[in-house]
């Protein structure tokens, strides 16, 4: 069986799609304008029909996607195809025109009927729905672009068909050059579909009038659909942004109502602006918690592995331990000036800076050291219950990851080997406690330099 | 009293509706074009009037739906009808034209007035609102289709009436054939309503100008309504899908922001794609929990009875026990490669595979046995507290149902007879513990073979 | 100070509004068409100006609504009015035309300028915004209707003004009768605003062309506004219904996916249909819990007082006790066939049927008694801890109110007097236990008969 | 490096934007109408080009905003600019026309090509997207206004360009005056874009027909975009109000369904009206809880500092204590007639009136004292556990802030110094208990007088 995701199968399918589009344009045009079949057109016809025939064979031998899984059983595939698209594909493959010119002398009436039969080839267009669905759900493409492409495709094709119909009904003077005749008809179709309605080409005979009315009513629907589509696109693409904007507007109303001083207003707006600009409206926590555990761990590991392995405590930790650890880090945000660590408090968290700058302050609040992206601090709180020895303050907005002591404890319960190692370190450090913080800082600054 | 859901009553009502539509078309047309009444039209008139009369009688004797319940009390029905539709129905039944032609010599002016009176028959159309409401709430029909049908019906009828009005005001030349005259008027109405406005037929006299302005403003409203309708349809039908698409877009933004490797991206997209394709966006858990207990149990029983009765433990369970059990199964999803059962862990759940494949692994992670749709495992965890004896891994996406030990315990409390039986089994198996897992596996593979 | 809600003040304000509308129509028309001032028009002018003057006096003496409260302080009112509408009101009151005809000889140029000045009267229209806001928030009116009325009003007025502008620019032939001239201009305005654009009246001079372009672009905005408005109306009015419909569609998808048997499908759809039809989508519980306690109690009391006072237990209860009791009843819904009370279970709730039918069953499940709207049962469970003596089954959908034992106990704690009374009853009944249920049933059937 | 938020840099950027707009208008116009270059135009050209050159220099030296932070590293800035806008900016700076007139004799063909090259200056317009984004996210501007301004700008520019294209294709007679020619072309563009389509200027040649069709289809999209935009604006701006209106409509349905008496209906509507009018739909609690702790405290402090410092108990409290206290006040609303404090109950809250009036009642419910905006009561409940000594009743709607005893206790734990002070006060007051309430009232009335 062929794999539908195989590159050659894909290319073949796209060629078929191109030929279907070609047929969708040429077949009605030939029927309407009734022009001579040049050798080029004939050759093209033969190419179309033979590739359509190959398509049937390929379809009989291509595995199917069913409920998200690939079904490779030939029996199932064939019976499904036979009950599904086979009829349409077969009809599109019959070379009506070639048969006719072979069998009959070329009377005009017979040719017209044959060309009518050729319209059956348009049924293959129904397949385009499937592409549209595929594009909508599977790929990385931007949905708005997909929708606009499909909308443009269908509206152009509709206008073409309506123009062919208008020619058939004699809506434009046939005295003109055949290209000009088609152009006028297309112009009429576009004028009507877009409801511009200049009125320079109007229906005269009864069938023309009826046809025009149908096109208008159809145009209304198409138009409504297009506008609905574009409006929906607009509404959807902005969802995250709309939430942001409406938050700001709500804040503005609140500020006005409560007469908040301008500086405070600016600070708050600045905070929301930072939130918006740094995350573009997606909530990392939410995204991770929606994932199943396996994937959550993998993503967390990718995001945090580097930062974790820089911590001396975790240098000898088992790969599995790091995986679990990564998936338990929680993001948090500190504002400029916020104290991340209060001197004297008994901490129970360690911090990894993912983006931003923080400083270690001495007792007179002078900066002693600076922590930037990729550095960490407070790791001793995970194993020792001692008061923090200094203040650490955010200088800019700081996106940090937090590891809580109780999470860490739970992990140690799961990895008893590592607990022993930690206990050893603990023992060693307990004896060398006074100089520890300084040493850790030195290590940190080294790590920062190595980045 | 007649039952409104009786087939004959329904057919009769639909005939009445058809006749109302016929009247809605013919009555204004006759008034506008003022044509001769042929015997056929006369016969049709008589049919309409007599069936309308029968309709009054039927309505007096048909039970009413009131707040979701059928009210069969004749007094209530009659008083409701008398205070409600009776007046309109009676007015529509008076054969003005027949009376007139009997009483007066056929002066033109009298006939015009009579034909004006006949327009009262159009009041019956108000009933169509009720059908629309019925279709919207009661039936299985797709709402979009219902709306489009009603929209097409009303817009066509409006265009017809506007055309009749245009004829009355002399907007189109009366010199032409009567059919052609009507067609031109209809063409004008459609051109104006759809805001195409070719301008080949324009108002000349003062009444025509005023009429045109009213139609235009009316057309704006209709048009707005139609576009609003279609947009709403578009927005509503996609709700589940829109949520899916916006999830994917949010993920894409997150991926770009965090530079996730492509394989991980694909895995995550694949996961959401599977979720979407396998459930089409409905959340089984949510749907079940919204139902009242009786219905929830019935649905759960239907979904899970087969799978439950295959478990040897439950083979002798009472019907009521199975019902309760079914309503306590919870769906879950495992990804390919996830370990469903970890060897050595003390489990407290049993699993039923509803869709997907999982394998029993030996100590070197070679597959020993395969579980597919309809098979189950881990049932011993419900009654014994022993470590799992092997790993079981999902091969594809596995939709499973989970039964928790504490749920099971609660059920046993409710069914003390069955607890005794379980205890007996427990006693027996405890003595034969070592070989048990293998035996269960054998039973399972048999079950799988029998499917 | 005058009360703005006083009937006479209201009537006066509505007259002023009417005169403003009259001015908004007549003033630009006179400026554009430049017609003779008939005595009638002059009289009307005098009426308008004098009433506008009275309006200023009234406004100086009418209390103001401020943040939902009436401010009656004359100082505040006057200073607010002086800083607010006074300027506009004064400008609108100056009788420019009367002054001019008094002062100057009637040269044409002077009159034109005066008529230009009269346009200042249109500024009073800004007040209409306030009416619209009032109508939107205060009254019982349906919002859709309010919006459509305002939309029609403004679009008609806009068309009128645009028509006046068109006349000024010579867009229509001035040779015609003055009424016909205006009609043509209005027709042109409507044609353009609605984007129909017949093209029978088109701009010729440069100012006309520029004016037309502005009107078109303005028309697009108006049109977009109108369509947006109508679409929003459509989307909003259906909110409850849309939720219902989307629930049904979700269920249908679920049914198809799981192949549920048709009877079960019908049962579930029926359940949701009942929910929808009986409550029309509003959730009584939600509405009550959103209210502040005082109002919640009042509403609950209104809804449940009758049913509570029918219970013999509560016959001697204090008014305050009944109030509290009423606000603690919780609505619930039983489906046909559901057992409301299970024989043998120890109940802790009593039930009041608000709508529906239930039956008391004997041991062979034959109905012994029927409970309908307004009856109650299970009241002994509130004071005694004994097993229920019989099954009670819902025959139709039963909307019931439930009173829980622990709620009742808490109430008794609050009303110790009533607890004593209950204890006495309890003592008495305990001695007469066997015959009690029957007696209670008898009482209930009596109560049902008295309804 | 220059700071992008520096006033001079801003002014310079706005000048550049103005020149870009000038170029966007003049360049295509000169290409289409092919008019003589007057000295003024030449001078303007030189100004444009020189300022564009300065712009390049400025851009090389202006710090960049990146992820909400300012990047001042010259290397980063320059490489970013070189890889980003530099090419476009350079192309826009080349003085094609000046070079050409210097180098070549002025053959017409060369000039045409040069003027074509000048169109490259339009690329600078892409920058406008950035402004639009800035305006959308950073400033205090109302979003609807921003959108309408940008929409008007782009639609006007589009119409201008389309008009230039139409002139190039000979769509309007070139015999006319050049200004008139342009006006006609612009008129045609607007007529077509807005889908009005009078039809007084229609395409004749083939290129014109094709151009018209493209414009129409483009017009549909623009139109859809505009309508979508305006609809979205409408839907978004009303969000809070829409919630209010839909609440009222839901209540009305509920009232009708339950036949609530009119007075009760009015009371409930009044309550929601008050809620709406006093807060305009924003939920203070929600806004505060969304803020990070630092900002929350600052806002709360601003809102409540005055009221807190008026309380004698807190007069000596430390600044930090007041900050914490402020951030723990919770807003609440009482309806007219509600008892805020029940006599005899043991209270555990103190109240600050932020807006409204309440009265202290004696035992016969006669008002003894009145509390208005800024006054407080019940503060003794925070430190003493004694029954309330009198009823306090809301006269109007009262917006109050509540401070709970346990919150207060937690704060005292954090500020042990202040606890000692409180204890002292407590001791003192305990000895003087009987007269205390009166004294407090006196203090309060003094405070009210001082406001």
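Every chain is named by a letter (A, B, C and D) in the order it is written, and numbering of its residues begins at 1.
Here is the rule we go by: a contact is a pair of C-beta atoms (placed from the backbone, for glycine too) under 8 Å apart; a residue touches a chain by one contact, two chains touch by 3 or more.
Treat the numbers as computed from the prediction; the structure is a model and nothing was measured.
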Chains touching both subunit B and subunit C, listed by label: A, D
Magnitude of the superposing rotation for subunit A and subunit B (Cα, nearest 5°): 90
Interface copy of B-C among B-D, C-D or A-C, judged by whether over half of the contact pairs recur: C-D
Homomeric contact subunit A-subunit D: same or different residue positions, threshold half: different
Subunit A-subunit D separation of Cα centroids, rounded to whole Å: 29
Gap in Å, rounded to a whole number, between the CA centres of subunit D and subunit B: 41
In subunit C, residues with contacts to at least two other chains: 195-199, 223, 227, 229, 231
List of subunit B residues in touch with subunit A within their complex: 155, 180, 183-184, 186-187, 190-191, 194-200, 223, 226-227, 229-231, 233-235, 238, 241-242, 244-246, 248-254, 257-258, 260-261, 264, 267-269, 271, 273-274, 276-278, 333-335, 337-338, 355, 396-397
Residue numbers on subunit A that touch subunit C, as the complex places them: 195-199
Subunit D - residues contacting subunit A, complex: 67-69, 136-138, 140, 142-143, 192, 195-199, 202-203, 206, 209-210, 212-213, 216-217, 219-221, 223-225, 227-229, 231-232, 235-236, 239-240, 279-282, 284, 287, 291-292, 294-295, 298-299, 302-303
